[in-house]
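As C-alpha cells, here come the structures.
Okay, so subunit A shows up in both of these, paired with subunit B first and subunit C after.
And then the complex of A and B:
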C-alpha cells in the first residue's frame, strides 16, 4: 500500500533527517548515505513493530529488508500479508 | 606557564602599549602572577606570567647579554639544566635561573636550528633586533598554543585567539570551510582555526617574520615511517621503553613549585604516578574527577589505583547539570566548536587543582595515541582482517569486542545490520585514510544540520578527505598500517583537539599547567620505531606499556577493558531543567541570525532529545547537539558579544623600552 510507504518515508525524514528530505529517494541506501547510524536501526525496528503491529525476528534485521524505503516497504507488505 | 602576545609592524610605529596590555588582559588566566612588555619602534612583546621556575627572578620579557635578542615564552623546556651547563661552558652569562633564558642563548648559538635541542612543551616569540626578524616557535606535538594574524607588514600573535580579538580591527568571523572540516574530522586541520584569517603555528614548526614576509618551516614530524626491521628482542625494547618513560617523568618534575598528578583510573596515569611515587616523591598529591552518571564513572578503578599508590588524593564529581552550567565557559576557553562534552569535566578538575593551590600536574595524555589505545586503531585492524575474507561471518564479530555498548543496546538484535554498518568501504584497504573513513563518513552526516547558506559556501571546494590525503607524506603507503592510522590521529586529533580543547585550555582556564610524560619526543620516537605489534598485540592495546606496568600497578587496572573517556551529553542540555541560555541560543531567531544551522532541523533534534519515553539520542545525534550548541556559543561570545575590555588587566606591568635599553648599554 502506498500509504504504508509514505508512513515509512515520513518517519525516516522526521526521525533521521530532521524534517528535510535532502534528495532521499525510495532507493537511497540508508547505510551508504549514512542516514541511519549504528544505533538508529533499532529505532526503525521499534517504529515498524508499533506502527504496523508486526513482530520482526532478529534474523530479519538485515539490510535486504531494511536498507531503503523500497526494501522496508516490500518487507512490511510481505509481513502483513503472511 | 604563561600567556604571550605581541605585535610586529614594519610600516607603522603606532603606540601599541595600551593594546598590548589589553591583549595580555585577555590572557590573564594563563598568567596572573606578573605581566611584562618589551617595546621598540613597531615592535611589542607581552607576557603574562604563571611563576613555576625561578619564582623571584623569572619575569619576562627576557634578553641576552647584549639586550638585542628578546623573548616571551610560554611553557617548559625540561632539559634546560643540561642545556644551560653547555651554554655556560661556551661562555654565556645568565642573569636568571630560568629555562627561558636558556632559549635566548641557545638561539644566539644556533639560530632557528635550536629546536632540535629542546625537549619540552612550549610556544615562544623571539625578537632579534639585530636582524629585525621575529621567530615564532611551537613544540613538536603542539602542547602549547600559538595563534597569529598576518597582514602584509603587520603580524600579531597570541597564546589564545581572544587576545588577538582585543584589536577591534581584526575581523571576527567563523570560517565556513573549517566549520565543515570540524563537522567531519572533529577539529580544524594543521594551521587552521575556526576563525577566518586567524592561523596557528603548526606543531613541530616555526615561523620567521621579517620585512620580506612570513615563512613557516617544519623542524620535526611524527616519525611514523621509521620502523625497526624487527630483529631486536622484545625484552630490549621493553627495557629501553621503561628507562625512557622513567626519565621523561623525572624531568617533568622539575619545578620550583610542587607537582601533582591527574588520576583517571586507567593504566597511563596510574603508571606514571607510581613511577613518581616509587622513585622521586613519596608525598605525591593526586586529583581525579568522577561522574554522577554511572555509565561514565571510573571511581571504582580510581579507588583501586589509590589503594596501591597511597597518595594524598582529592576528587571532584561532575553532574550532568554542571556540564550544562559551565559549558559557555568551556567554549570561551576551547575557542572552537566541539562535538563532545569531555572537556567540561577536565575544566572542573583543573579548578579543583587550583583550589588546592597546585599549579602543575602530570597527566597520562598522549598514551592512547602513541601506544595505540583507541578503538579506531583496533577497528581498522579488524576491518583489514575481515576485508581479506569479506564473506566471513566470524571476522566482523570481533567488532563486538570493541563496541560492547553499541552491540549491547537492544540485546543482540541488530548484529547483522551493525555488521553492514561497519562493512562500508571495507575493501578500500589501499586508501591511505582507511582507518578513519568510517569515523569521518559518520561524522560528516552532521553537516545535514548546516543551513543552505553555509552549505552553499562550502560546495565547490575539495572534500576534506581529498585535501587531507593530498597533504600526507610521499612515502606514507610504505609505513605500517597501524603507524599510518596513529599518524593521522596524532596530526589531527591530538594536536588540535585533545591537547588544546582538553589539555592546555581547560587547565590554563584555571592557571594550571599539564605535563605529559608520554609526549616526550624520545618516547614518541621509540614508540614508532618498535614493531607495531608491540603497541597493538592482536586486539590488546598498549602491549609494551602493559608489560612494563605489570608488578608496578594493580593487575585489575592493566587487564580492565578500556573505557573511552566520555561525558554525558543530551542530559546536560535537554532535561527538565536545561541551562538557562539554551532556549535563547537555539531559538529560531538566533539560529537565523548566525545562519550556520537549519532552524527546523535543530528544532526537530531537540524534540527528539526530549521525547518522554523515547530512546536516548544516538552517538551521532549527541555529537550534533553539542556541535550546534558550541558553535552557537562561539558565535555569541566571540562574534556578536565579544567583550570590548578584558575582565582583568595586569597591575604593575613591567615595561622595557628599547630606547632606554640602548642607553643602558
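And then the complex of A and C:
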C-alpha cells in the first residue's frame, strides 16, 4: 500500500534527516548516504514493529530488508501478507 | 620471531605485504563486497601507487593524509604511501571541514588521498590543497588550480607487474601519524615508527597464533589503531581480511562471518553490545565452525557482556580481552583466554616485548595489589606527539608511556584497571569510579551502553549522572534506578539518567566523555 510507504518515508525524514527530504529517493541507501547508523536501524525496527504490528526477527536485520524506502516497503508488505 | 607462521623477517611495515606476496602470491589478501585481491595483485597495486607518488615529487618523510572508508583501495594506498617512504596519516571518516583544516595546517601534507565519497568534504574545506588523489573525481577543481588525479586510473588499470621502489629506509623512521583525542584539548598526532608497528604486529601474531589460514572479519575502521593492527597482523601472517562496512545491519555481518568462514572477529565494547542486543549470533552457534577466536579492545567491556559472549559463542571460540593505546601502536596486554573465567575483569599480562608497571605519583614501582598509574615500555611505544613537545613530555619518560589509566597487578602478574586518572569522581565526599556504575547499568539489562559523569552543580560540587542508550523506547529512568539500587549503594546511583541514540565516539573509537558531558548539560531544546 502506498500509505505504508509514505509512513516509512515520513519516519525517515522526521527522525534522521531533520525534516528535510533533500536527495532522498525510494532507492537511496540509508547506510551509504550516512542517513542511518547502527542505533538508527534499531529505531527503524522498533517503529516498524509498533506501527505495523509486525515482529521482525534478528535474522531479518539485513540491508535487503531495510536499507532503502523500497526495501523496507517490500519487506513490510511481505510480512503483512504472510 | 614467531613460533607459528612461516614469515619472512620484516623491518618495515610494507615488507609484511612484500613477504606475503613472495610466500603466498595467489592467496587472497582482502575481500570486499564480492571483490577479492591476491597478495601479488595487492603488492603490485601498492607499488604502482608508490611509484606514482615518487614520480609526482613525494619524498621520504612527506606527510600523506588519507580519508577513506575500509576497502581494497584503502589497503593499497596505505602500503603505497609507506613504500614511497612517506608518512601515512589515516584520518577519521567523520571529520568535518572545521576539524579537518587544523590537522592539514599542522601536517603540511605534500599530497592527500580520498575516496569519492569525501570529494565534497575536500571541496568544502578552505585549504590550499597540494596534490589531490580522489577515487574517481567528479567535481570541477580546475578553477581552483588544484592538481587532481584519479586513484582508479593509477592503481586499478591496467593490472601489470610493478617492482617495489628502491629506497633505503631506516626502521626507526616515522611511518605513520594517527590522531587520537584525549579527554581534553585538541587531537594529538601519535607518531609511530616502522619498528613500533612491526614489533607490535609480530607480538600480536604470536599470541593470537595467526597463520596464513586465518581469515579476519574487519568491521572496525582501519583508521582506528585497532583496525590498522588487524590489517597489519593479517598481512604479516599472510592471512585474509574480509571487509564488512555494514555493521549497522548485524545479521548481514553474522551471515558473512559464516559464509566467509572467518576464523577471527574483533570489536570494541559497543560492537559486542550491539551483537548481543539484536543479532542472530546465538542462532549461528552451529554455523561458525571456523571461528577460532573473538577479540575485544578499545576500552573496558562489562563482565555482563563478557559472560553473555562466553555463553552465546560456539564452545570452540576463544575470547581474547586486550588492552592498549594508539601510543603503543595498538597493544600492551592481553588476557590469555584460558584465564577469562577466573580473571574476568583483568586486562591480562604484557604482550611479548612489552613491560608493564604500576607506578605511584613519584614514579616508584608499587607492590602487588596497590593502585597506581599503569605505565608500559617496549619497542612499540610511540616516538611522541606530532609538533606537541609538551604533550610528549607528559606522556613519555624514562619509565615508558604513561597511560593515564589507574590499576593494579595481582600476585600472579595479571593487571586490572580501576578507571582513568581523569575520570575519578568525588561526590559528596565519596570517591566514585564511573566504570563500576557503568557496569551496573549494563547488568541491569535495560541499556546497550552508557557513560557515567559528574555534573557540576550550583553548590560547587558534582552530582552523578548517566547518559545511556536504552534497549527499547519504553525504558524509564525510575526502573533503571530501582534495579541499580539492588546492586549499588545509594550514593553511586545516578541522580539523573538521560537517554540518547548513541554515545559520541572520539577519533579512536572510544567514548568521548567531554561530548557526553556537553549532551548531559545541554538544554533539551537544543538537542
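Convention: the second predicted complex is superposed on the first by the 82 of 82 C-alpha atoms of A that agree within 3 Å, B and C clash if a C-alpha of one lies under 4 Å from a C-alpha of the other, contacts with A are read in each partner's own complex, and residues count from 1 in each chain.
Methods note: contacts are C-beta pairs under 8 Å (C-beta built on N, C-alpha and C of every residue); 3 or more make two chains touch, one makes a residue touch a chain.
This structure is a prediction, so every number in the text was calculated from the model and none was measured.
Within the superposed three-chain model, A:37 lies in touch with subunit B and with subunit C [touch as defined at top]. Set side by side, subunit B and subunit C differ in how many residues of subunit A they touch, and the one touching more is B. Of the two partner chains, neither subunit B nor subunit C is touched by A:1. In the superposed pair of complexes, A:18 makes contact with subunit B only, with no contact to subunit C. Of the two partner chains placed by superposition, A:80 touches none, neither subunit B nor subunit C. Comparing which residues of subunit A touch subunit B with which touch subunit C, the overlap comprises 31, 37-43, 45-46, 58-59, 61-63, 66-67. Taken together, the subunit A residues at the contact with subunit B in this complex read 14-15, 17-20, 22, 31-32, 34-35, 37-43, 45-46, 58-59, 61-63, 66-67. For subunit C in complex with subunit A, the touching residues are 245-252, 255, 274, 277-280, 283, 448, 469, 472-473, 501-502. Of all residues in subunit B, only 403, 406, 409-410, 412-418, 420-421, 424, 441-442, 444-445, 448-449, 598, 600-605, 608, 615, 618-621 touch subunit A in the complex they form.
Note for the complex: subunit A touches subunit C at residues 31, 36-43, 45-46, 57-63, 66-67.
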